[in-house]
Each structure stands twice: as structure tokens, then as C-alpha cells.
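In what follows, chain A forms one complex with chain B and a second complex with chain C.
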Partner chain A sequence: MMGKEIEREIKILFSDAVIDSTEKNRLKIRIKKDLAIYLLEFLKSRGFNYLVAISCVDWIKEGEFELVYQIGKIDDPLRIMVKTRISRDRAEFKSAINVYKNAQTYEREIHELFGIRFEGNPRLIPLFLENWNDIPPFRKDFDTRKYVKETFEGIPTLEESK
Partner chain B sequence: MSRRELELYFGPQHIGMVGNFSITLSVEGDTIVEARANPGYLHRGFEKLMEYRNWVQNFPMVCRMNVVEPDSMEMVYAMAVEKLAEIDVPERAQYIRTIVLELSRLASHLFGCWAYANMLGLDTVAQWAMAYRDFILDLFEELMGGRVYHIYICPGGVRRDLPQGFEDKVMNFLKALGNHVPEFDAAFFNNRLFYERAKGIGKISREEAIELGATGQVLRAVGLQYDIRKIEPYAAYANVNFDVPTREDGDAYSRIWVIRDEMLQSASIIMQCLEKLPQGKVYKRTPNPFKWNIPAGDAYVRVESSRGELGLYLVSDGGNKPYRVHFRTPSFMHGIPILEKLLRGANISDVGNIMISLYVVAPEIDR
Partner chain C sequence: MDRNQLSKWIKQPGKMGHKYSLWAVYFCTGCGIIEVPPVITSRWDAERFGVMAAPSPRHANLFMITGYVSLKTLKAIIRTYELMPEPKYTVAFGSCPINGGMYWDSYNTIKHLDKYIPIDGWIAGCMPRPEAIFIGVTKLWMMIEKGAATGYVRYRENYEYYRKNQEKVLGKLEWPPLYPLGEKG
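And now, the complex of A and B:
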């Protein structure tokens, strides 16, 4: 019920948005990157005050990163997925930290693993990795097997180091 | 940093730390001025490694993201694959899944009680809790062949049916645990020591909890009846009756009490499932894993793990491997922003207390 109402409002306010509501309790919205933060602000003003997660997908063939914001409400089963795409060459996006406070940690993770800079996020310091100077490891062009071979086969075995 | 402040490393080698995790504290006297969570000791890059393996090969990976409660991890992954591949699961399998999930919730909560009681120095209670957890692990071993990691829930159902006499063993265990509840209460939950040590510690308000992405007992301890088993029922949860226990204060005392009440609800759910357990097949045949291509698409599925909302965003590009896997684990939010927030202004001696009451599990943060 709530889903239909919010869908209609989004269609009026954000006419470019592509909305998919075929799945039960899920609303998938694809929107241009310039409007994504405004859409998040609008959703928050309509009571969707809970940011569940931010996921990032590397669509290397299209040369784009897709950011997926999962938005919800505490007492509503409806989950809204806001998807937006940014260019892989200019991996920069606006931070959602002013809308949802906990976006900070998710953006920090994406910054480390995908190398996307979030403008306005004050604390994009490394989260998991230490002294990392390769390309961000979760990008599709990072080859884990090659990395393991180069890093660990260079370490001599006990016999060799004698 | 002023000259009166001191930097203190809490973990990963620290007696009060539960797992491979560390916090850097700035302290002034005994008071924490600032805390920075420092995860990464268990970062194995599972989400990336899963992109190299096919849909079924990933099961031994997902369970390793949460050592204490691996079944909810398997469940969420199986649900996502079933959703993308449009597989429906036999009724009996759904009931068995519910029983397994609730048993593992019990095991996880008992583990939590062990950690909390141990931290308070109530070792007797800690050993009781650990012993009962071990009985659950025995049941798991009989059912699935493994004690800690099970790899039992698979797309389309569960791997095998219950062994003969298993229902009675589960019932006997629940009766034994139920008979022990008064002693647990007397020695731990109603213990004055527990009250004095936990009341008012790590207090979070309702607004802050929502703002910082809290789930599970952290939300239920501020009075919100938020439980995915109720809001969006999966497995057989729609067919059983249970309550969602809540508390109002939002401190460590409330969180541990919510856990205690939840264990009673879990036991009731298991009994109802055993009673209603339908006959029939326990799995639906899926294609050869090496030739199994799942149509392109994406799905967000979620379950209520013992720590809170466990979500999975799974993307398929039409191939025989996932294109992208992203787990939304409850400890990621509880262990970084919320922990940092609650530690600010707290006493050094409460660090372990706050961390254990938030139920932070390090492998879930790092993945």
C-alpha cells in the first residue's frame, strides 16, 4: 500500500527514474547520478529513515560502477533499492553522510575496496587493508590468483632460506 | 591530542577482547575520549573469492563468515540463489531449516551468555552455558556431520533428512535446558552483580540506534519490535507463534535480558516445528552445479540472525558464478559506528562489557 503511494510520488518528482516494483516488498529504482542524493533526501523525508547497506558492483564491460542503496523503514517490510551508476574512469560520488549518518562506514569500505572517492566524507581512511598499494582489490580487473602467486611465492620456504 | 591524553591499544591480544579485533582508545585517566575500531585481522576477501566459484561451491565459504552462527549465513545465501533461480522449497525442508536455525540461534545466544558471564567473572554460569551449547553441537554433529560448520542448507532444501530418533533427542535437550532456566535466572539474570555491572552501561537512544543502523537486540532493547521473522517471514516462521521480546532502556542490561527472553521463544519455536513437521521430500533436485547458469538479475534477501538483520545483495550476470556478493552483516554496524559511539565517554573497564553486549563477532565485520 505504502509502496504504491511512494512509487507514484517518485514518478511525479523524478520523471527520469526507472521503477521496478514486480517483486513483493521491494522497489528497485534506477536513477541518474545527479539526482540520486536528492532521491535519498526525499525518501528520508517520507519516513524511510533507515539505511540498511550500500553495495557496489563493478560493471567492467560497461565501464561503470553501480552503487546500490538499500533503504527501509523500521516497521515496514518495504525495502527500496536506489541504484545509480558512475563512470569507472572518474570514480567519484557525493557522500550520503548528511542524509544517513551510517553511510560513513559503508562509504569507507567502498572507498577501500573499489577506490571510489566520496566527496564530503571526512574519514575515508583504510578499513581492512594495510599498506595496500595495488589497485583496489574488489575491482573486476584485480586478479586475486595472480596477487597470491606474486606475493606468496616470493617468500622462500624454510629449506630455501637456510 | 592534549598532553593529558594517552593512546591505548585494546586488542587484538587483550584479555578483554573477544576475537581478532582491536580498538584504539584515547584515554584521559580512566575515561575514554575517543575510540577507533580497527578491524581487518580476519579479512579474507570472501565476497571476492565467491566470484571465482560456482553457485554451489560457495557454501563452504559463506558459513565461515560467522563462526558462532553459520546456519543463518547458509540460509541467506540459499534464499538468494533460490530467489534468482526461482526454485521453491519443499514444506518439510522449510520446517527442518527453521529447527536448525533456531537451534543455532540458541547455540549462539548461549555462547553470548558464556562470553558475558565470563567477562563478569561468573564462571559457573559461563560453564553451564558452554555445556548446553556443546549439547547442541552434538545434535548438529548427528544431523549434519559437522559440529561448527555444517554446509547443510542448500538451494532447494536441506542436504539430508532427520536421522531416526532425532526429534526425541532435540526434545530431551530442550527439556533439560528448560529445567535449568530457574538456576540460570538465580545465578545470573537476577544476580545483583549482573545488575550493578550492566545497568546503564553502553546506553543508546532510539533515534541514535536507527540513525547508526542498529538491528537485532540492540533495536529490541530500545523498545522497537523489529524482527524480520515477523516482518518478512521466511522458512516456516509464518506458521509458528512466537513473541518478539523487547526492553526499554537500551543499555547492556536490556540487551542481555532480550537475549534471555529470545532463547525461550526459540525453544518454543523448535517445539512447535517438531509438532507440525510435515512428511515429504527434503530437497528439490537442482541442476549439475558445473552447468548451472542462473538468469541475470539481482536480489536483496534478509534473515534475522542471532545478531540482527543479515542481508545479502546477490547479482547474477547469467553465468554459473555470482557476479557480485555483498553481505550486510549486523556486526559491521554494531562493531564500528555504534561501538565507537558508545565507547566515547565510557570507562576503560567497560570496553569488554559494551562490546560483548553488542554481540560483535569479528569475522562478520571483516568478511
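And now, the complex of A and C:
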């Protein structure tokens, strides 16, 4: 099976990667942040040229952000998830844009909503938010109810303002 | 044309012609736009009621705001509303423009649309069905008949209030004020 071959090759090249292959057609690899981009390049050279998405998880109690790269191949049901952890206080990482060109928009979204800076991405400009001057809203220490009370509910209606 | 309406047609032909041919701006605002193609195509034909999709906001007099309004959309809605010539009417669909609806605690949507542009009628639902949209249109006719659909007059007279609220959530606006500010009193 394709999954078993890739698993063996990754174990040889990246010896301290933790691989979980218990589910069918799903391969989850946890790797240190210095080697993550090299693992992505290796996977692309083996034919996995489809980046499905990049997502981010805020582990606030451990003080880390976790980036998850979902990689696949067009005709193959196998999906590979590459997970790395970066520090929450100094949130910066290298961009995957030289490996997969469509990483540009996912990194733009993560930069706007979590505040992680990606070096090498030329387009880290706002995507969804207008006139935003608070902390990045998807972080777990952002209080959305308090923000709504201060910004929107303090405005009186037309009858009340007269 | 009914015979009992003949006197109205003779006395106020402008208002009657205005009522029975509302041209709607085809601005696909939020999630409620999924209900508008069935309404304006042949199954639940809106042209029986005189409502047609206008090619440009400069030709339109009805603005249907279907669904939630995020801050990015609010900028476009204000510009489109200010492009329409008077008299103009706005109808808000769904529960999100009324009090925030499903997105009541979201950081990126506004909670009550009447604070930013004037609304004449609200239609409840999530999204309202085409039959509810037609009932809304007939109620708008009754309001125009009585002279109660005066959202645009309210906008002109209280422009300072609306502009202040718009600038509070959107920051400094790039376009100049539509009516001169600070002239009253």
C-alpha cells in the first residue's frame, strides 16, 4: 500500500517524527518545526502535490500554536497531515510558499486571525476584517462577547438618541 | 386595474405607478440571496407584482438586504444605497439585520441595521420563504399608499446620526458626506 511505503521512507529520513497510521487512508506525522518544510518538500517530490489546507490550533495552556498541513494526491484517497508546534509568544514561521504556491492564501488567513508571521509570504494583508485594532480574534484569550458589547451594543437607536 | 382603484389612478398617477413597479437592486448581500432567484424567476414570479431586477443601482428604487451584514458588506451597502435616486425603499430579510440573529455575538457583523442605513420594513424568518417575501411587498405597497415608507426622508434629516454610527464601526470613510453636515440649528 502506498501509505506503508511512505511511512517507511519517512521513518528512515526523519528519525524523530512521530507517525500515527492507525486509521485507514490517514497518516498523521508530528515533527519539530525546524524540519517541517523539508518534510513537505520530500512529500512533494514523492508525488503528493496537492495542498488541501493549512489550519492552526491555539493550545493556550501549553503556550503553543499548532500548524497542520493537509497534503494529498489527486487520484489517491490517502491524506497526510503534518503537524508542527511553534511558540505562542514569538509566533513566526517559514512560509511554505516555495513548496506549494497555494499556501499563500491560507497563511494570509492565519496571519490575520491568529497573528502568526510567515517569512517569505509577499501578501500578508487583511482578508476578512475591516478597521481591526484589537488582538487577533481567533486566539483563545480574545473575549468576543465583551468586544461586541463595547463596539455594537453601545450605539443608541434613532429614537433613543433624540 | 380594479374599478375601485380608478379614482386613485386618476388623482395620483405618479404614486400608483411608483408602487406597482419597484425595481430591485440585484445586490447579493448575505445567505438570503439563495431565496431571490426562485422569487424572480418563473416559479414564484415576482414580475406579477411589478418587481424586477434592475441593471444598476442608479435605476433602482428597492433595496433588499437579505441576511447578515458583515463590516465588509456594510461598506458596499452604504455606497450602493447612496447611489440610488430618491424615493427609495429598503426591506431587510431575516433575523440577522433585526438583532444580530445567529451571529449575535460575532465580532464582525452588525447587530441592528437601522442604525447604519434606514430600513422601512423587516421580514422575519431565516430565510423568509418566497410567499413571505410577497406578503412583505404587499405591505410595502400599503405603506407607500399611506405615505409611511419614509426611510429616505429619515436618512436626509438625521444624516449626522447615521454617518456617526457608520464611522464608529468602519473607521474613516473614503467618500464625502452625502448631505451637508452640521447645517441644522
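In this section, the second predicted complex is superposed on the first by the 162 of 162 C-alpha atoms of A that agree within 3 Å, B and C clash if a C-alpha of one lies under 4 Å from a C-alpha of the other, contacts with A are read in each partner's own complex, and residues count from 1 in each chain.
Convention: a residue touches a chain if its C-beta (ideal position, glycine included) is under 8 Å from a C-beta of that chain, and two chains touch if they have at least 3 such contacts.
Computed from a prediction, not measured in an experiment: that's the story for all the values here.
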item: Contacts of A:Phe152 with chain B and chain C, given as first, second, both or neither; value: second
item: Touching partner for A:Leu124 - first (chain B), second (chain C), both, neither; value: neither
item: Which of chain B and chain C A:Ile19 touches, first, second, both or neither; value: neither
item: Touch count on chain A, higher of chain B and chain C; value: B
item: First, second, both or neither for A:Tyr50, with chain B first and chain C second; value: first
item: First (chain B), second (chain C), both or neither touched by A:Thr144; value: both
item: Partner chain(s) touched by A:Val68 [first = chain B, second = chain C, both, neither]; value: first
item: Which superposed partner A:Gln104 touches (first chain B, second chain C, both, neither); value: first
item: Shared chain A contacts, counted only where both chain B and chain C touch the same residue; value: 128-130, 137, 142, 144-145
item: Residues of chain B defined as touching chain A within the complex; value: 39-40, 43, 45, 47-49, 52, 210-213, 219, 224-226, 231-232, 298-300, 302, 309, 311, 313, 315, 323-324, 326, 328, 332-333, 336-337, 366
item: Chain C-touching residues of chain A, taken from the complex the two chains share; value: 128-131, 137, 142, 144-145, 147-148, 151-153, 155, 157-158, 161
item: Residue ranges of chain C touching chain A (in the complex, touch as defined); value: 70-72, 75, 100, 104-108, 110-112, 114-115, 154, 158, 161, 165, 168-171
item: Chain B partner contacts - residues on chain A that touch it in the complex; value: 23, 25-26, 49-53, 55-58, 68, 70, 74-77, 79, 81, 100-102, 104-105, 126-130, 137-138, 142, 144-145
